[in-house]
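One chain, chain A, links the two complexes that follow: it is found with chain B in the first and with chain C in the second.
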Partner chain A sequence: MNDQTRIDQDRAERTEKLQGMGCKRKRVEDIRFTQGKGSYVDDLKLPGMLFGDFVRSPHAHARIKSIDTSRAKALPGVIAVLTAADLKPLGLHYMPTLAGDVQAVLAEEKVLFQNQEVAFVIAVDRYIASDATELVDVEYEALPCIVDPFKSMLPDAPILREDIQDKMTGAHGPRKHPNHIFEWMIGDKEATDAVFANADVTIKEMLVDHRTHPSPLETCQSVASFDKVKGELTLWGTFQAPHVIRTVVSLISGLPEHKIHVIAPDIGGGFGNKVGAYAGYVCSVVGSIVLGVPVKWVEDRMENLSTTSFARDYHMTTELAATKEGKILAMRVHVLADHGAFDACADPSKWPAGFMNICTGSYDIPVAHLAVDGVYTNKASGGVAYRCSFRVTEAVFAIERAVELLAHKLGMDAAELRIKNFIKAEQFPYQSALGWEYDSGDYHTAMKKAMDTIGYKELREEQARKREAFTRGETRELMGIGISFFTEIVGAGPAKNCDILGIAMFDSAEIRIHPTGSVIARMGTKSQGQGHETTYAQIIATEIGIPADDIMIEEGNTDTAPYGLGTYGSRSTPVAGAATAVAARKIKAKAQMIAAHMLEVHEGDLEWDVDRFRVKGLPEKFKTMKEIAWAAYNSPPPNMEPGLEAVNYYEPPNMTYPFGAYFCVMDIDVDTGVAKTRRFYALDDCGTRINPMIIEGQVHGGLTEAFACAMGQEIRYDEQGNVMGASFMDFFLPTAVETPHWETDHTVTPSPHHPIGAKGVGESPHVGGVPCFSNAVNDAYAFLGAGHIQMPHDAWRLWKVGEKLNLHQ
Partner chain B sequence: MIPGAFDYHRPATIEDAVTLLASLGEEASILAGGHSLIPLMKTRLASPDHLVDLSGIGNLKGITVAGGDIVIGAMTTQFELIASEDLARHIPIIAETSRLIADPQIRYKGTFGGNVANGDPGNDMPALMMALGATYRVHGPDGGRDVAAREFYHGAYYTALEHGEILTSVRIPVPPAGHGYAYEKLKRKVGDYATAAAAVVITMAGGTCTSASIGLTNVSETPLWASEASALLVGTRLDKPSVDAALAAAEAITNPASDMRGPAEYRTKMAGIMLRRALERARSRTEA
Partner chain C sequence: MTKSHIELTINGRTVEALVEPRTLLIHFLREQQNLTGAHIGCDTGHCGACTVDMDDMSVKSCMTFAVQAHGASITTIEGVANADGTLSALQEGFRMMHGLQCGFCTPGMILRAHRLLQENPAPTEDEIRHGISGNLCRCTGYVNIVKSIQYAAAKINGTPFQEAAE
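Moving on, here comes the complex of A and B:
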């Protein structure tokens, strides 16, 4: 073994010991999760704690004639029953939403959706609270309701929001009708219309991304504990954004922010459901402030599915114009957005339709125009980003279905059409027609790798044979090949256009190196299962050369963590991950000065070597980070303050734009409508990969939720506004049995503006997966002239397609 | 999803259970495996004041061969049905059906008696028991009586059981050796009730069907025994016209609800498709 080999080997060993970026480090949080030792809100038991439960409306739209709480209050064990009349004097019967609207905490004069909160019973245990809800007598006068968003703005539509009836200017401009929320437009309408007027080929289709729900395994819940003597409130809750919750609680309660302690303990999944503020949080806080003892509120499954935060419900009239050779010239989209009874979408404040304007996708489309109308209906409010950045699943669904429809009309192969229109690698950074600057991408390379791996040509040949066999009556199965080439937009976001209630969407990391060389890092984000405790430590390990196992990551306590905007929209890695790297680099810079002092050389004479600074040309003269940490507290250089810590609040210069190429092969039993996914291949490019195992896990999870949404998951209402199937009996949450096998792959195109080049991945598989499944189903029936088939693609709906096409004997 | 208050009773004998039920009156419910009743209680669709748990009664479990019949105790779990060698040998369709009920965890707790007795049209065993010509043994204040499975189901959750009566065992005649059988169930996911399901037991001789019995699950207020469809198959070679005629007869007696599993017309058609597939599989399994 020569010297260089020995040096390389030594370096490799030290690198491996760090468990830094790029390695498949096992998730440290799983030690407690797999043993049932996680600590969730509902695990919290405080002395004297009371329990709250809601009286909910059976009607979708009704006037409240009277509420009589006397029978409930008479039940032994009931401590209090809150109604809007109790909250109104405190100004708390309505709360502000993230979208600039207000939302009823407890219904005052009207109920606007089924299961809306009407009264909050507080009792000594959960069972008595639940019993007492049946003893609150509410007299309703039923009113005509609106379930179909296309009927919201009819001249004779019943007015839903009487509280804002006269306010014809909303948070996002003028309102055209009392049931109208906003109209939001972007792009060049005139130029777009002109292209459409003269185009060789156009397609136009109403693409519905139906209403569903994120449905995390742990429902929403909170425990509020108000200390009357200190005037301090501690609030434990399922919060994806604990600091924002603290600010909101301060604003609506009038308590100073430093006297509010918000703690998000372990969270059992969020997927966007736990970003907003809910009536249950407010009622537990009010209950505790009034009664001076802790009050717990825990949502049950049916409450979760039917009240807190639906997703989607976007009705997208989507048009493409192209040359007959298949070059896309323009895109035009109008969205009718059903926001339910209150506009409680969790978007950055200036973006009432989220980032829907990423809908030009991965294609170089010269001009485009997008208009979105938001309307009220008698349904639960929400409109959250369900495992995606804001409205990005909707946007990608629109473009990825539209290119398939265009390919079909042109008689072109859908993959070929995409390749023809891709933004080219040399065009990045790319300015999209609807206002985004895509940071980096290499779509052609990713698509080629995906097509070669899946054997695209052979699959199309097999499909042609199967179609012939089907036509001859030899098989009752249809084969569909689904493609999706998505571009996401994540990591909100730059202060110039992203804020939540006026707070810029930065995020933060505070890193402290202890004298013995171990580390605690506190973050402004909050993991709900993403594995932050594992991956942030890997970034720090690589940046400053301390083993990940010696680094503890802490999140969720607003007293100790630096202010951050939380975890959703795949922003943790793009924003807080960047803050982590920048803070670590500040520490490293100080460490270099200390090392120079220790080694009695100039800083510039040192070079970094995995976990140490060494003197250039003298590899045996070095100081490890561990030694430097000790020196930072023991003998720092003269005039340098002791200690080794740093904080960074990172404001990203741009979003990041992960992308990927997905392929799905599906076989559909025409007689039952049952669709079986034979293969699903997902190639993701999320830039620099921090932990390949966690990425793979994220892709598996996101694809599973995409599979669910496309193939059957929905929140449906009947004509009376009754919410249908809001339990796990009906709501499609796939088990391991139904879930397809996932094949994962990747390319790496780092983000040029991110300190470590990472882009975020947690939501890509969902965003790319939904249209891929839907395209597979649509592709299966396309040759029979089916036209666009709406989601969800559950068995009975596909059977109906077969009926319409006369495929059944 | 929080149940109302109730008192819990765990008698040690059938006689004690019957006496308890008589004294507690209409607001008492019988608890077997609990996988139908407890979800109803958690959604407060059922709020019994008393639960009479049968799990303390020793002799309600077990599978015995008695002459040409097999007798299954009401508290025998679905898992025990799947594990039984006697059933595998004599009436394998029972294990095949059990495997399609819920998931393994529920099958460890869920009981055969509960499945047949509570009258939920979504349960799988009732249609199968009708197809097999089973007889239910029932104990009440006036002693015991037998009720044919085909006479037992009157409406959704409404059966021949009088209040205070307990279904204690099921006697099933063993089908002839070499019979063909199949249970075909269409469901949306593991744990779901059937969109539609069909149980088929047939015998064949020289290519001709010599007996046929068909049960249909979850396509009406009650499980269905498709007697006319069954009769149409006997004496045929199970050729396409005969099967088509049987399917039409079977579909004609369905009256499913439209629900999240699909509209009524779909569920009726799926009853036919499940029947066609069950017949094909049953025929392939006959040894004659």
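Moving on, here comes the complex of A and C:
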């Protein structure tokens, strides 16, 4: 072995020991989770703790004539029953939403959706609380309700929100009707209309991204404990954004923020459900403040699916204009957005339709115009971003379906049409027609790799044969090939355009190196299964050369963690991950000065080598990070403050734009409508990869949720506003049997502005997956002249497509 | 409400308790016995987060009254690790194969897999998928759960485990 080989081997061994970026490090969290030792909100048991449960409205729209709580209060074990009359003197019967609206905590004069909260019963155990909810007598006068958002703004529509009926200017400008929330527009309307007027080919379709629900396996829950002597409130809860919750609680309760301790313990999945503030949180807080003992609130599944934060319900009239050769010239979209009874979107303040304006997708479209009208209906309020950055699933669904429809109209191959219109690698950073600056991308390379791997040409040939066989009556099976080439926009966001309640959407990391060279780091984000305790440690390990196993990551305690905006919109890696790298580099810079002092050389004479600073040209003269850590506390250089820690509040200069090429091969039995996914291939480019094992896991999970949304999952209402399917009996969550096998792949195009080049990945598979499944279904039926088939594509609906097309003898 | 006396074995330990007849087994385990590993994810018996092993059967403890467990022997996730405190083959398999993310379904999933491997020590992928179809996971997409169970089966059987190529 020569010297260089020995040096390389030594470096490789030291690098491997770090378990830093790029390795498939096993998760730290799993040690406790596999032993049932996770600590979730409902596991919390405090002395004297009481339980709260809601009385809910059976009506979608009704006037409350009276509420009589006397029978409930008389039940042994019931401690209190709260109604709007109790909250109103405290100013707490309404709370602000993140979207600039207000939302009833407990209904005062009217209920506006089925299962809306009307009273909160507090009892010594959850069984008695539940019993007592049956004993609260509420007299309602039913009112006509609005379920169809297209009827919200009719002249004779019943006025839903009487509380704001005279306020014709909302948080996002003028309202056109008492049931109108906002109109939001972006793009060049005149130029877009002009292109459409003269285009060779146009397509126009109403694309519905139906109402669904994130439905994490753990529902929303909280425990509030108010210490009357100290005047301090501790609030444990299922919070994706604990710091924001603390600020909200302070603003609405009047308690000073430093006397509120918000703790988000282990969270059993979030997917957007746990970003907002809910009536249950507020009522547990009020209950504890009033009674002086801890109060727990735990949502059941029916409550979860029917009240806290639906997603989607976007009705998108989508148009493309193109040349006859297939060059897309313009895009025009109008969205009717059904927000339910209160606008409780969890978007950055200035974005009432989220980042819907990413709807030009991966294509170089010269002009575009987008208009979104938000309306109230008698349905649960929302809608949140279900495993996606704000409204990005909707946007990607719109463009990826529209491109397929255009390809069909042009008689062009859908992959070829996409490739023809891709933004080229040399065009990045790319300014989109609707205002975004895409940071980086290499779409052609990703698409080619995906098509080669899946064997695209052969699949199309097979499909052609199958179509002929179907036409000849030799098979009853249709083959569909779904494509989706998505561009996400994640990592909100730059302060100039992203804030929540006025707080800029930075995020944070605080890293402390202890004298013995072990580390604790705290972030403003909050994992709900993403594995932050594992991956942030990998970033730090690589940056400062301390093994990941010696680094503890802590999140979710607002007293100890630096302020951050939380985990959603795939923002943890793009924002807090960047903060982690920057904080680590501050530590490294100080460590270099200490090392120079220890080695009696100039700082500039040192170079970094995996886990140590060594003297250039004298590799045997070095100080490891562990030695430097001790020196930082024991013998720091003169005039340098002791200690080795840093904090960074990272304000991203731009969002990141992960992308991917997805292919789905599906076989559909026209007589039963049963669709079988034969193959699903997902190529993701999320920039620098921190932990490939966790990335793959995120992709699997996101694809499974996409499969659910596209193929059956739905929150539906009947004409009376009764929510249909608000339990796991009806709401489709795929089991291991239905879920396809996932194939994953990747390319790497690092983000140029992110300190480690990472982009975020958790939501890409969902965003890209939904249109890919829907495109596969639509592609299967396209040659039969089916037109656009709306989601969800469950067997019953696909059977109906067959009926409509006269395919059943 | 009159309480019933029950006596049962939980993770090898004899337990006596007074419970209301309507108390669900999951609430008895979580709130009276402080065994919070099993979770509640739905109210309809679909999600399986509450799965425990009762008299050699997988049982959804939110669909079972505590009084029904009288005289029974129950194993929960807290009783699954090896006697020396190390992770069992299944617990290790889930960690090695990344068979969990948020961890909420994991205790039920491991208990179900535990019973599955008792019933069928060397299941095929299809048998595993059907065998865990009463347990929902929102995070993983099941591919890695299947691998986790295959890993454990191989370790228990002393056969080589080969991760399927992507």
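We take it that the second predicted complex is superposed on the first by the 809 of 809 C-alpha atoms of A that agree within 3 Å, B and C clash if a C-alpha of one lies under 4 Å from a C-alpha of the other, contacts with A are read in each partner's own complex, and residues count from 1 in each chain.
Throughout what follows, a residue touches a chain if its C-beta (ideal position, glycine included) is under 8 Å from a C-beta of that chain, and two chains touch if they have at least 3 such contacts.
Note that the coordinates shown come from a computational prediction; the quantities given were computed from them, not determined experimentally.
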First (chain B), second (chain C), both or neither touched by A:D794: first
Most chain A residues touched (candidates chain B, chain C): C
Partner chain(s) touched by A:G712 [first = chain B, second = chain C, both, neither]: first
Which superposed partner A:Y127 touches (first chain B, second chain C, both, neither): both
Touched partner set for A:S508, first chain B, second chain C, both or neither: neither
First (chain B), second (chain C), both or neither touched by A:R301: both
Which of chain B and chain C A:V737 touches, first, second, both or neither: both
Touched partner set for A:M729, first chain B, second chain C, both or neither: both
Touching partner for A:D671 - first (chain B), second (chain C), both, neither: first
Contacts on chain A seen with chain B and repeated with chain C across the two complexes: 126-127, 300-302, 727, 729, 733, 735, 737
Residue ranges of chain A touching chain B (in the complex, touch as defined): 53, 126-127, 130-131, 134, 300-302, 671-674, 712, 716, 724-725, 727, 729-730, 732-735, 737-738, 794-796, 799-800, 808
Residues on chain B engaged by chain A in the complex (per definition of touch): 1-5, 43-44, 103, 186, 188-193, 195, 259-263, 266, 269-270, 273
Residue numbers on chain C that touch chain A, as the complex places them: 20, 22-23, 27, 30-31, 34-44, 46-47, 49, 76-78, 80-81, 87, 91-92, 94-96, 98, 100-107, 110, 128-130, 132-146, 166
Chain A to chain C touching residues, read off their complex: 26-27, 29-38, 40, 42-43, 45, 126-127, 215-219, 266-269, 271, 300-302, 528-531, 693-694, 696-698, 700-705, 727-729, 733, 735-737, 739, 741-745
